[in-house]
Structure formats: structure tokens, C-alpha cells
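Following this line, the structures themselves.
You will see two complexes here that share chain A, one where it goes with chain B and one where it goes with chain C.
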Partner chain A sequence: MERKTIAFYWKIYRRIMIQDIKSKMSYRADFIISTFGMVATNIAGFISFWILFQNFPSVNGWGYYEMLFLYGFSLISITPVQCLFDNNWSLRINVYSGDFIKYCFRPINLFFYYQSEIFDVKGLGQLFFGIGTLIYAWYKLSLPVTLLAVCKTVVFLTTASLIMISMQNAAAATCFWIQNSFFVLDLAFRFKDYAKYPMTIFSPVFRFIFTFLIPIAFIAYYPSLVILRPGEVPLLSWLSPFIGCLFFWLSYKLWMFGAMNYSGTGS
Partner chain B sequence: MEPVIKIRDLTKEFKVLNHREGLKGSMMDLFSRDYKTVRAVDHISMDVEEGEIVGYLGPNGAGKSTTIKMMTGVLQPSSGEILVGGTIPYKNRSRNAQGIGVVFGQRSQLWWALPLIESFRLLKDIYQIPDEKYNEMLELYQSLVNIKPLLHKPVRQMSLGQRTLSDILAAFLHDPKIVYLDEPTIGLDVSMKSKIRTLIQALNEKKHTTVILTTHDMGDVDALCRRIVIIDHGKLLYDDDISNLKTLFGSYRTLKIRTGGDLASKAREIEKMFPEFAVKDDEEWISVLVDEERAKVMKVLHELEETMTIKDMQLEEIATEDVIRKIYERK
Partner chain C sequence: MKTLNLKKYLTLTRMGIIESLQFRIGTFVMIIGNLLYLTLVYFLWKAIFASSGTDRVNGMTFYDTLVYLVLATALYGFMEMYTVWEIGRNIQSGKIVLDLLKPIKYKSYLFWSYSGELLRNFICVFLPTFLVVCIVTHGAVPLGINLLFFIVSVIMGVIISYNIDYIVGTICLFTESIWGINIMRQVIVLLLSGATIPIAFFPEPFKSAVFFLPFQAVYNTPLMILLDPAPSLQTTGRMLALQLIWCLVMTVVSNLFWRVSLRQITVNGG
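Coming up: the complex of A and B.
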């Protein structure tokens, strides 16, 4: 049997994605309400952010537009995990009920096959909101618009997404070993709320935790420094793309290790 | 010819924590290292030839699923050998998966939100089925069961029967060497059951697909299987032709007669005539369970006819179900 290439997987993914979007659209009320909910969530998040800055002109030396940049950056970087890896949220239930076994009989990568099942369109709204915010902040900060700057942004956005995905994968994979892993996943997802603040506001202990143990500092802070404050970029920022790839690989391995040792329930 | 599935001394053991009783016991369990080993499958050996339909039977918890999981490569055996199509399933999960189809009675493997035809197209991509073979298969499906009305219906909207049917079609789509069917007719009505049995039989004949069928419905077994394998407590109890199964406990047939007069008193009379056979009576029939090794049914009938007027008679083979129950209960 020939080796399966990226083109092979892309073909399958595209087909599932198109069909999934189509079927979601067919539930019109559901689609409109959930899109509306997503927009409302984003606006509410932005309003609380705005109120904060009405009272404090800056956070630890970070101005309003810089913070806005960070905010937009974190919104974009959590989009992939929301759109592409949403099925991680159901993993616990699938594993517990024994339904997970049905994913084990296909001649394709198990992780891919499982995640490909759901494409969450709602996350896209957040993407547009994030891009808007980022461009606005960029303009207000009069950052240079060069090809290099755009490339850097794309690379570091990808990095940030990888970190976010890794955290969720690892958290979801815990369900292969513990019964009620929902709180682990929920916790991992809540940590992202801290990602939109500059790490310098936290005490050294938390800074250490958020950098090395629960690497949320890589979701927005370290990558943004490269664009925002090119003068004071720590080594960690430049390393973050590699750290992103490493974490993703590790989380994938953990997930697969759990899945391959899954034995299912009786039937 | 090499068998498609070759199993030698296959054993699977699980470590299970010895649970204590009560809340206090549960607390102690948290720190307990007191494990016991449970042998779910215990030194099973068998060969399955290409094109066979094997009924894999056993009471709940006998080890059927565990065996199937090892055949499909999901579980790694504790010891023993297993070869499916020449490869070791758990070592080559992907390759093994290419050559098998799996259906679990209640767990649909189709994409829930998609119309059936889209699921088929996805499977075509996943299994890399050539266009020609794919179209051929769809035509075959159309000729066996009318699938056209189902093709554009999302799986989620299907009835249980339609979904099971679709799942079976999906499992055969890539023309696998072996298909594992786990309770394919569970919860279905009589006509759907027979439709599905006919379909499985037809696909087995046309494609020479080997079918491993686990079921609790003896109707499935009688309709489809020539060979059955029975396990219980992980051990192989029986592996032979289904026709031999019926002679396992002697060759019994039930002779049912209806006579004039009071059935109960007639039954007593018959009991005296044939003390070696069990005689029962209800409002309609007197049933005599005849062991054919002792006396032929026709001879019994003949003797009865000389002493009483027989208005009506029926002859019943012992049901597979009765024999299987006897095997389960024998230990």
C-alpha cells in the first residue's frame, strides 16, 4: 500500500469540511443563533477590555493600543484550535461510552481522522474580529507595514496557535487515563484568558509557570514582542516557533499513545 | 489454501483492581495495589478459510468482543499468535484496516450529519477505491437493496434499520477480505432482519468475503452460518458445522399430535407407552420429544395411530437456540 501523502489527507479534509459546513447551514436557525452568540461574546469581551482601559491608561507600561494588539493577536491564535480541533471536547464522552472504538478501524491516521470529523464554522467570526482588531491597533501604533513585518506576524501567529492546540490536545488526552477529565480540558481552555496580558504584570513565580509549565505566554505575549517592541525581544521569543512545534509534537504523541492503548468498553 | 485468519493459543489477560465494598472500601481502593488477573480469552485456536461465514457465539462477557478487538488490531494479545491475511493485526493496524470492514450493531461509523452518498465518497477516498470498482459496487448495492432513496438522506435522519443497512454497505464498500459484524440485527423488526440477512449472504457469495458474525439472535445463525464457534469464560467450547451441533445432545425431534377427547389423559397414556420420552401437553398439542437414536419418529407415530385417532400432527426439529442454551448451561 502506498504511503499517504499530505495531498491525500487534504483531499479528505476538504471534503469533510465542505459537507460539514453545508449540513450546518441547513439548520438555519441554529446557524444564525450560534453566529450571533459568537459575535455577542466577542463584543462583550471587547467591552470589558475597553472599560478596563477607561480606568487605567496603561498596564505596567503597556498602552491601550499595545494591549489591543495583544488582544487581537490572542483572538486570532485561538481560532485554529476552535475551528479545527473542536472534537477534542467530545473525546471524553466518546472514550467513556466506548464509541471511540469506531475511529480505530480506518486505514488513516487516527488523530487526523478523529479531528477531521468536526469543523466549527463559528470560530471564523472570531478570526475576522481578531484580524480587525489587530489591523486597527497596528494602524494606531503606526507600526511599519513591510513584507518582513507581515511575515513575522504570520509565523508568530502560527506559533501561538500551535501552543494553544498543544495545550488542548494534551488536556483532552488525559481522558484516556482519568474518568472525569472535563475539568482538565476546561482549565486548559480558561488559561487562555491570561494569555492576553503582558507577562510582566505577573509575579516571577507565575511568569515561570506560564512560560515553562503551562506555556500560555507563547500564545500572545512572547510572539507579540517581536512586532511591538523589537528593542526588547528576549531569546524566548525567537525560540517560540520551535517551542510551538515541539509542544505540538509532544501533545500529538501523548494523544496517540492514549488512543493506541485504548481498549474500549464491553459490548 | 492458507486460512484468512489463523489463531493459535490466543490469550488476553486484564489486570483488574480487587474492589472492596462500601465507601470505606472505595477509599482504600485508591491506594490499593491489590490486582487480580482476569483471563478474558484463554488459549483459543482456530482457522477461518476465505469466504466462510462463521457465527461467533457465546453468552455476554464470554470474551467475544475481546477476540474481535484482537483480530481487528485494536488490542494486543497477552500471548499466542494471530495472523489476519498474513499480517499481525496490532503491529500493522493501518494495513490490517485496509483489508477489513467492521460493523457494530448500535454504533454507526458513518458521518452523522452527511448524506449516505457523501459518506460513501469519503470512504472511497480513505480506502483509495478506484472509480470503476466503486461504481461497480454501487450498482451491485442497487441490485441487491434499493439504495437510491437512501443515498441523499443524512444518516442522522435514518431509522435504525436503514442505518444498520447503510453501515453494512459501508463496511463492504472497499471490498474487504474480512467483515466483522457485531450484532448486526439487534433491535430490528422482522422484515428488516431478513433483508439484512439476505444482503449479507448475497455479498458473501458475490465477493467471497469472509464474515465473522457475533450475535445473540439464532435466526441470524440459522440463516447465515454453516460453521459456528462458541466460547464461554474465554474458552473455546465448540467449533464445528452447525448441523453437527444439533446431534451434540442426541438427535432430538419433537412430535406434536392432536387427538380426540381429553388431551391430558391421552398424554398420560402416551407416557405409559413410551416411558423413555418426555411428554408434554397444552390446550392444543401433545408434544413428544423423541430421541431418534432410540426410536424413529415415524415408528412412534405409527404405534400411536394404532391406539388412538390422530386428527393432526406436526414435526419439529430441535431449535439451534435450545442446543446453544444447553451448551451455555452445561458447565
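Coming up: the complex of A and C.
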């Protein structure tokens, strides 16, 4: 079988995405309310952040705007998982009901086809909110705006987003073995809340866990050090793009391994 | 006839317990999730208090804040009933028609079906956390008559929380959207009830405004009653009275809203 090119996959992705958005638009009220819900979540998160800093000027040597930078960074880097990989949440239902078998019979990559089916538009609200926060913090910290800095930010954001994606993939893939993976997924999703704090607040044991076992430190903390504190960038920060790719590859393998062992429900 | 009535409800409770015990992995993962969340809370607030330079911020020490937040999380883990999802799903699938035809009010039916889970969560989530907090902090939680008031207050908190859920669930009748409405309810309740940050930390105009809303009566009031180091009958009584008023108001509002909205219902197939 000839290998399909990226252009081919992009074409397919665009077609599926357009269909999905069309079908979402037919439930207009739901779409609008969901977008509001997403914005409300972000505003509430921001308010609790703001309240915290009304009482305390800094946390562990991190000032308000630096924390805001981390916060914005983490919001952007968890957007791709929201927008592009939302179908992971339905995986357990598809596997349980047997509908999953339909994806196995397509002549394209199974993982690609499954994830491309849903494009979650409401995540875009979060993206804009995150970008706004990041730019505001950037401005207030009077960090230099150079082409290099912007390029660095984009590269580190992209690779950082792979961490959250891989955690959701791995968590969703557990349903191939334990049926109801909702709680695992929900647990993995809640890790995003930890990403917005500097890792220095944790004790060494937890810093180790959050760096190497559950790599949430790479969602925002390590990559944003490159921009925030260019004077003292640890090696782990420079490694973060590779770690993002590595974890994504591992989670993809796990997901596919589960899918390949899927035997259907017989219906 | 009275005993027969009660039996009807308790059967639903029993069913709920049996059903919830089916998902043991779920419970296990939930407990791990809560423990991890509590470690975050611990380290975050420790760092915050360490860099503030003073022991006491807004009249709360690090331990006070931690005990408050741990117990608030435990209360949340026990009270969160996912009824909005259930109502929404029932509306979408049309099952709600069958439930409406049952010889029991839908609101009580739903509550009592969830009561089993509530009981299980109380025993599996709240009670262990509470005991651990009592033992570890020895002394931060005064044990006395306030426990009795606390239980009364928690029961009222459950009623208020359920009524908020029910009102939000009723909105689903109009919108047929679940996710967006539910997420909004969740963040509003968590923020304004003091479950994320103790209400004592809120800046002034905000703090006073929050006390005019029903949300703080869900988690904040029970915890204030429990953790008050020098409780007086007067303040406790006032807080309980306020909670009772919210109970009545929310019950009446949710019942009325449901009755009006039911005329609106359209069920596809079912």
C-alpha cells in the first residue's frame, strides 16, 4: 500500500471538520451556551487567581505578572486537546457499544480518523483568552518582543500542548481494558489545573513525579522559563520539545495497541 | 400509609447504593484524584503563606486555610450529585416521559435515586477525610455541640445544592444543551461557595455581595459552623436561620420553575 502524504491527510481532515462544524451549527443554542460556558470557566479561573493575588503579593518569588504569564501559557497549551482531541471522551462509549468497529475498516490511519471526527469549536474561546492573558503579561513584564522570542514561544507552546494530548490519549485508551474510563480521563483532565503553578512550590518528591512520571511540569512551567527567565534556563526546558514528542508517540502507541486488540462486541 | 411512603423512598436509596458499588474502580480513581488535588492545595497554600511573611492573613493561619479547603473538597466530593447530567440525558433520550408518569414526583424520585450514592460518598469520601483531618491536626476542629449543628447545616446544604441543580436542570428543558449549562453552574458554585478560595480572602465589595447569594450557604456555612473556635449560640443560630431561609426560597423557586417549564417540554420519540 502506498504511503499517504500529509497533503492527503490534510484534505481529509478539512472535509471531516467542515461536516462536523455544520452538524454542530444545527444545534445553535447548544453551541452558543457551550461557548459561554467555556468563557465563564476561564473568567472564574481568572477571578480566583486575581483574588489570590489581592491577598498575597507573590508566591515563592513569582510575581503577579509572571504567574499570569504561566497561566496564559497553560491555557493556550491545553487548547489543542480541547479542540482537536475531544473525541477521546466518547471513546469509551464507542468501544462499549461496539460502534468503534466502524473506524477499524477505513483505509486511513485509525487514530487519525477517530480524532478527526470531532472539532470542538468552543475551545477557541479559551485560546483567545489565553493569548490575551499571555500578551498582557508579556507587555507588563516588558519582555523583549523579538522574532526569535516569538518563534521560541510558538515552538514551545506547540510541543507543550502535546503533553496534555498524550495524557488524554493514554487515559482514554484505558477503556480498551477497563470499560469505564471516564474517571481516568477526568483525573487526567484535572491535571491541567496543576500546570499553571511554578513547580518550585512542590517538594522534591512531587517535583520528580510531575516532571518524569506525570509530565505536567512541561505543560507550562519548563517551556515558559525559556521566555520568562532567560538567565537561568534549566536543561529540562530545552528538552521539553523532545519530551512532548516522546510522550505523544508513546501515547499514540498505547492507543493503537489497545485499538488493535479490540475485538468488537459481536454486533 | 406513612410507613409505606417511606419504604418507597428507601428502596430507591438501596438501589442507588447497590448500583454505585458496581463501579469500584471509579470510586478508587476518584479517591486518588482527590488526594492528588489535596497535595496541590497543600503545596500551593504552603508556598503562598511562606512568601507572605505573616502567619495570619485575613484572620486565617495556614492550618485554618488548609483544614477549610480540605473539608470543602470533601464536602464537594460528597454533595456533587451529577443530577443536571441525569436530567439533561433524560430529556435528550426521552426517558423523562416515563419518569414523569411514575406515581412519585419527579423531583423526589431523582433525589431519592441519588440518595444511595450520596450515602456512599458520605461514608467513602467525607467521613475518612474528616477523621484524618481531626487526627492529624488534633485540635483544629473543635469537637462538641457544633458537630450537631454542622450535620443540620450539611443537610440544609445538600437541599440547597440539589435545588440549584434542579433549577439548572430545568433550564435544560429549554436549551437541550447540557455541557455548557452544567459547566457554568459548576464554576459559579465552586467559586462563590468558597470551595476554591475561602470567602474570608475575597476583597471587600465582592465578599459582601457573595453573602447575598445562595451558593455560600452550600459549603461555607457548614464549615464556618464546624470550624468556629469560639462558637456562640447567637452567630450559629443566625447562620442556620439564613440557611433555612435559602432552603425554603430555593425549594419554592425550583418547584415553581419546574411546574411552569413542564408545559414547555417537547420530547422527541422516547
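Assume the second predicted complex is superposed on the first by the 265 of 267 C-alpha atoms of A that agree within 3 Å, B and C clash if a C-alpha of one lies under 4 Å from a C-alpha of the other, contacts with A are read in each partner's own complex, and residues count from 1 in each chain.
Simple rule for what comes next: a contact is a pair of C-beta atoms (placed from the backbone, for glycine too) under 8 Å apart; a residue touches a chain by one contact, two chains touch by 3 or more.
Computed from a predicted model, the values in this text were never measured in an experiment.
Of the two partner chains, chain C is the only one that A:33 touches; chain B does not reach it.
In the overlay built on the shared chain, the residue A:102 is in contact with chain B alone; chain C does not reach it. When both complexes are overlaid on chain A, the residue A:5 reaches neither chain B nor chain C.
Of the two partners chain B and chain C, more chain A residues are in touch with C.
By the document's definition of touching, neither partner reaches A:142: not chain B, not chain C. In the superposed model, A:183 lies in contact with chain C only, and not with chain B.
In the superposition on chain A, A:263 makes contact with chain B only, not with chain C. Those residues of chain B whose C-beta lies close enough to touch chain A in the complex are 60-61, 65, 69, 72, 74-75, 93-95, 97-98, 100, 102, 104-105, 107-109, 111, 113-114, 118, 121-122, 125-128, 154, 182-183.
Interface residues of chain C, counted against chain A in their complex, comprise 23, 25-26, 29-30, 32-33, 36-37, 39-40, 43-44, 46-48, 50-52, 57-58, 175-177, 179-184, 187-188, 190-191, 196-197, 201-203, 206. Remark: chain A residues 27, 29-30, 33-38, 40-41, 44-45, 47-48, 51-52, 54-61, 122, 178, 180, 182-184, 186-187, 190-191, 193-194, 197, 200-203, 206 touch chain C in the complex. Looking at the complex, you find that chain A touches chain B at residues 1-2, 8, 11-12, 15-16, 19-20, 23-24, 98-99, 101-102, 104-108, 117, 262-264, 266-267.
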